[in-house]
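Here's a structure for you.
First chain written, first letter: the chains are A, B, C and D, and each begins at residue 1.
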């Protein structure tokens, strides 16, 4: 399995929900080897502003069409300019990078928990989980939990209809589905329906992933989380994308894992949560100053 | 980019001599931006590089700084990695053999908190096959001890180089910081102390903060600025250094294209290192190498040595003679 | 950008005190980037600026350097204007009256080749109405004599400031260069010598060459780098200066937006100057002024003084307590 | 007469000859006050790369339609990206800047000499000269000389047909019109047809303008030249755009004029040609590295 630098052709780049865009790229070599949970480093535009590539997970992979998709939220200058790029242009892509979601290693129901734009990598995962034998080697009982801040940010229901699985929805403001966070919803459904996931997959904001991790750790449930970090290279070279990790031999010593090569998929227990720092939140109004 | 240019490449002589060190071409990678080489093997034919300078190595493994460690800035980035590295033992055991098997000259960038640590590193690396040179990092702005403290003071820098010089027969490169009043003064001091080669620049000391959360953008607060933003500063430092020492100089700082690389050679650098550009385009070094050949051919030169240091700093006025008639 | 924000502006108190100098708001323009004010009158309501710092003035008029004088670099530009200016006589006769009639505080940036020239400039400007302060340019990298020579050495800088201090009762700002090993050392020296305020940074010494014609891109060879590229360097310099002196500090370097300006205030600058950004957007200062009010309102602050210097450099771990249970 | 910063709407941006593009902007306030010979500073795109605005002359002014046009050659990163900008987007424009061509101050035939992209500002000048009473206050006998390196770089003949005036063409390689430089052509036509221009207007490469200036100075013919210089502000503030000028009082002292406020239109005699330095020529192959 190699890594490639390809000039991908933009087949589509369109808004699919509030501040949320879907980019469809023709990019044969990367599409051929991509696995769910992995990511690419995308150069937003020519020139030195922005300088660094931006990491985005595979949202959907169609190796047979030499195509993959990413789903992105406009949060800053890079993603803003990306949203302005038109169909027919090319963008430089490096990938596939990082590890992938591992298939569930024990039988039983699977919970997939996505918060906000965290739904991006979970969508391909759901496809592979739902496809008999592709990823897991059998039909899996999948429960999908999907929360956003408000209904307008939510992907339309039709996005998930082909998956044919129960979608539990929440919004922080109650404009769609359960009113509360997706973790509240997850806890509530489990309590009510009295089942326990054998494996959890999750992606979302850091506080959300923390909550999922705490739930999983306290019950000994394996949880695979897709984590983020600021990245420069995506290749394990710059050592910029460090996250604090427990060192079993020396619990108080500093030790770091690197999101781009040890991740982005981490077991809940392989992160030292008490040393994690969420990124500063810049208000969207000032995003394009 | 014409494909045939690269193919016909062998017509151009890219060899450069840097004192005791001869390289097949002047394109190296900068320490800390290329891992231990293996990380880029999918994108770069490592054997085609002038040399690989590996991530800075210390005696003991280092965990590095807590995150966030990097932040983007206009046409640049600040890093405060804190010299995370595997330590010399693991480097020799695991990383070096892989690189040696690639048959590319390896330059080991070393760093200590004390002069003795530098000396010990240098003597341990002395006899080892496949190491082409040592690069003394006395200029890293992201660590509390050692590093820049040595590089900011000509006397201390000279003293350190003198000690290390005695500990190794390997060609010795000393890497300078731009964060000084006179880089020429430091360059002269390390030359007098016996360094074979000087490389410059390391990153420029810099800070980024978040106006909304009111917190620094790097856990380490201060970090080192690199990338195209610093190219004009690096070029000035290299020029000043070339003017002040006789030993060969390696140019580093913001090089992202063949034209950038040529600019450093023009002011007298005898080789260059590509750093941050590797992050932006993993294939950058290969593109630069091919571009250099293309530019030389365009200029009608068959040897890169005929280009190095040929900056023409005189002002000329092509209309002067004719215009004087009026 | 919400229009109503600007309209409702008077709710926010933007006044800042810098020792003897009180400004209606912290947004000034940097010397040499705004001419004598009049050049921007079509784009900027000059009365709304905290102050106008005029182009550096010398005793005699100066022709400046031969062209080319400027060159663009990644996210920045290098200039080697060579302090072209009309000289103090013409400044007082022609330029100052126009500015005075605009009723905006005028800060005069002064430059000499010798200490005596600085002193003479300062005493001649001393009594004149409409001048709010003097800014001592001891940090220009583009002239052969004076300028940076004074600013690069703490003792010489201190000596100069002491002399000028005695020659004027006007508030005295000393403008520092980043091209030194320790900007804190220079800042301490000029504070001890009696400067009321310190401003930093002036441009970063830099070079650009043309790889094809093999000639420098500036006739003066070396020039000063400015613009967004240097913002992280400027922010570090301002932070170091604020940490090392008690007198107020003015932040300069790469400020192009309200968020940039807030970053300098956050690390402790009590006012800022906008330079190169004026070239890119002639209306930049007005946008920055309105943006600052907007950010303050967003943060729930009604006085800018409550924001200045409130950087929280501690690392905090929001999950620490809960996560420790596992 | 004011100066304005406007967000202009791109009505068209299209190639009209080899490496030569025409940009049509809706930009009411600037179009209303623009005069031939003046210029605008155009921000190529959002962000800091390129950082500085780029100067371009008015190629055509239609105040009645709130529109003006510029004609530009792709020579570097800025003009390359400009050529990639699509109709319907907006660009920030500052103008109108600088002085304008002055009407001929003596009667007699007028020579207009354009080399390469130097034709840009001359086109509007020709329109105003040809329009009775608009610029000169009477019908003028206009002779237009237009040279490029090769035929492919030449604006199509139709561009000038509405002007209804003699167009003398040259190309350096002889692929269209006279074979030689436009100045060679100018000299040749004057010799052959035995007339002398009362006034010359010219724009083109520096060597070409130098040749025109020498010709004019040696014969005492007034010549208005549109000159260039690297610019940062365009407003007379940065003092970056200096050109050496003679100082009648001290012939050997340095004295400079500033293209953005004293120019871009200069009398041939107001420049110290023996101190002029043409910009370095970067080969087009490497233009977009």
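Keep this in mind: a residue touches a chain if its C-beta (ideal position, glycine included) is under 8 Å from a C-beta of that chain, and two chains touch if they have at least 3 such contacts.
The UniProt protein names, listed by chain, are A, D = Dihydroorotate dehydrogenase electron transfer subunit; B, C = Dihydroorotate dehydrogenase.
Predicted model, so just to flag it, every value in this text is computed and none were measured.
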Task: Consider the two chain pairs A-B and B-D; indicate the one with the greater count of contacting C-beta pairs.
output: A-B
- prompt: Where the centres are mean C-alpha positions, what is the separation of subunit B (Dihydroorotate dehydrogenase) from subunit C (Dihydroorotate dehydrogenase), in Å?
  reply: 33
- prompt: When the centre of a chain is set as the mean of its C-alpha atoms, what distance in Å lies between subunit B (Dihydroorotate dehydrogenase) and subunit D?
  reply: 44
Message: Taking the mean of the C-alpha atoms as each chain's centre, how many Å separate subunit C (Dihydroorotate dehydrogenase) from subunit D?
response: 36
Message: Multi-chain contacts only, two chains or more: what residues does subunit D have there?
response: 48-50, 275, 277, 283, 286
Contacts with 2+ other chains: residues of subunit C (Dihydroorotate dehydrogenase): 66, 74-76, 212, 215, 219, 227-229, 259, 295, 298, 315
Task: Answer with line, ring, star, complete or other to describe the graph linking chains that touch.
output: complete
Query: Can you list the residues on subunit B (Dihydroorotate dehydrogenase) that touch subunit C (Dihydroorotate dehydrogenase) in the complex?
result: 66, 73-76, 78, 152-153, 179-181, 204-209, 211-212, 214-216, 219, 221-222, 225, 227-233, 235-236, 239, 254, 259, 262-263, 266-267, 295, 298-299, 310-313, 315
Of subunit D, residues touching subunit A in the complex: 46-50, 77, 81, 86
Statement: Counting only contacts in the complex, subunit D reaches subunit C (Dihydroorotate dehydrogenase) at residues 2-5, 43, 48-53, 92, 94, 229-244, 253-256, 275, 277, 279-283, 286
Statement: The subunit D residues in contact with subunit B (Dihydroorotate dehydrogenase) across the complex are 48-49, 207, 210, 214, 217-218, 269, 272-278, 283, 285-286, 289
Statement: Counting only contacts in the complex, subunit C (Dihydroorotate dehydrogenase) reaches subunit D at residues 32-35, 39-40, 42-43, 55, 63-64, 66-72, 74-77, 79, 81, 84, 210, 212-213, 215, 217, 219, 227-229, 256, 276, 278-283
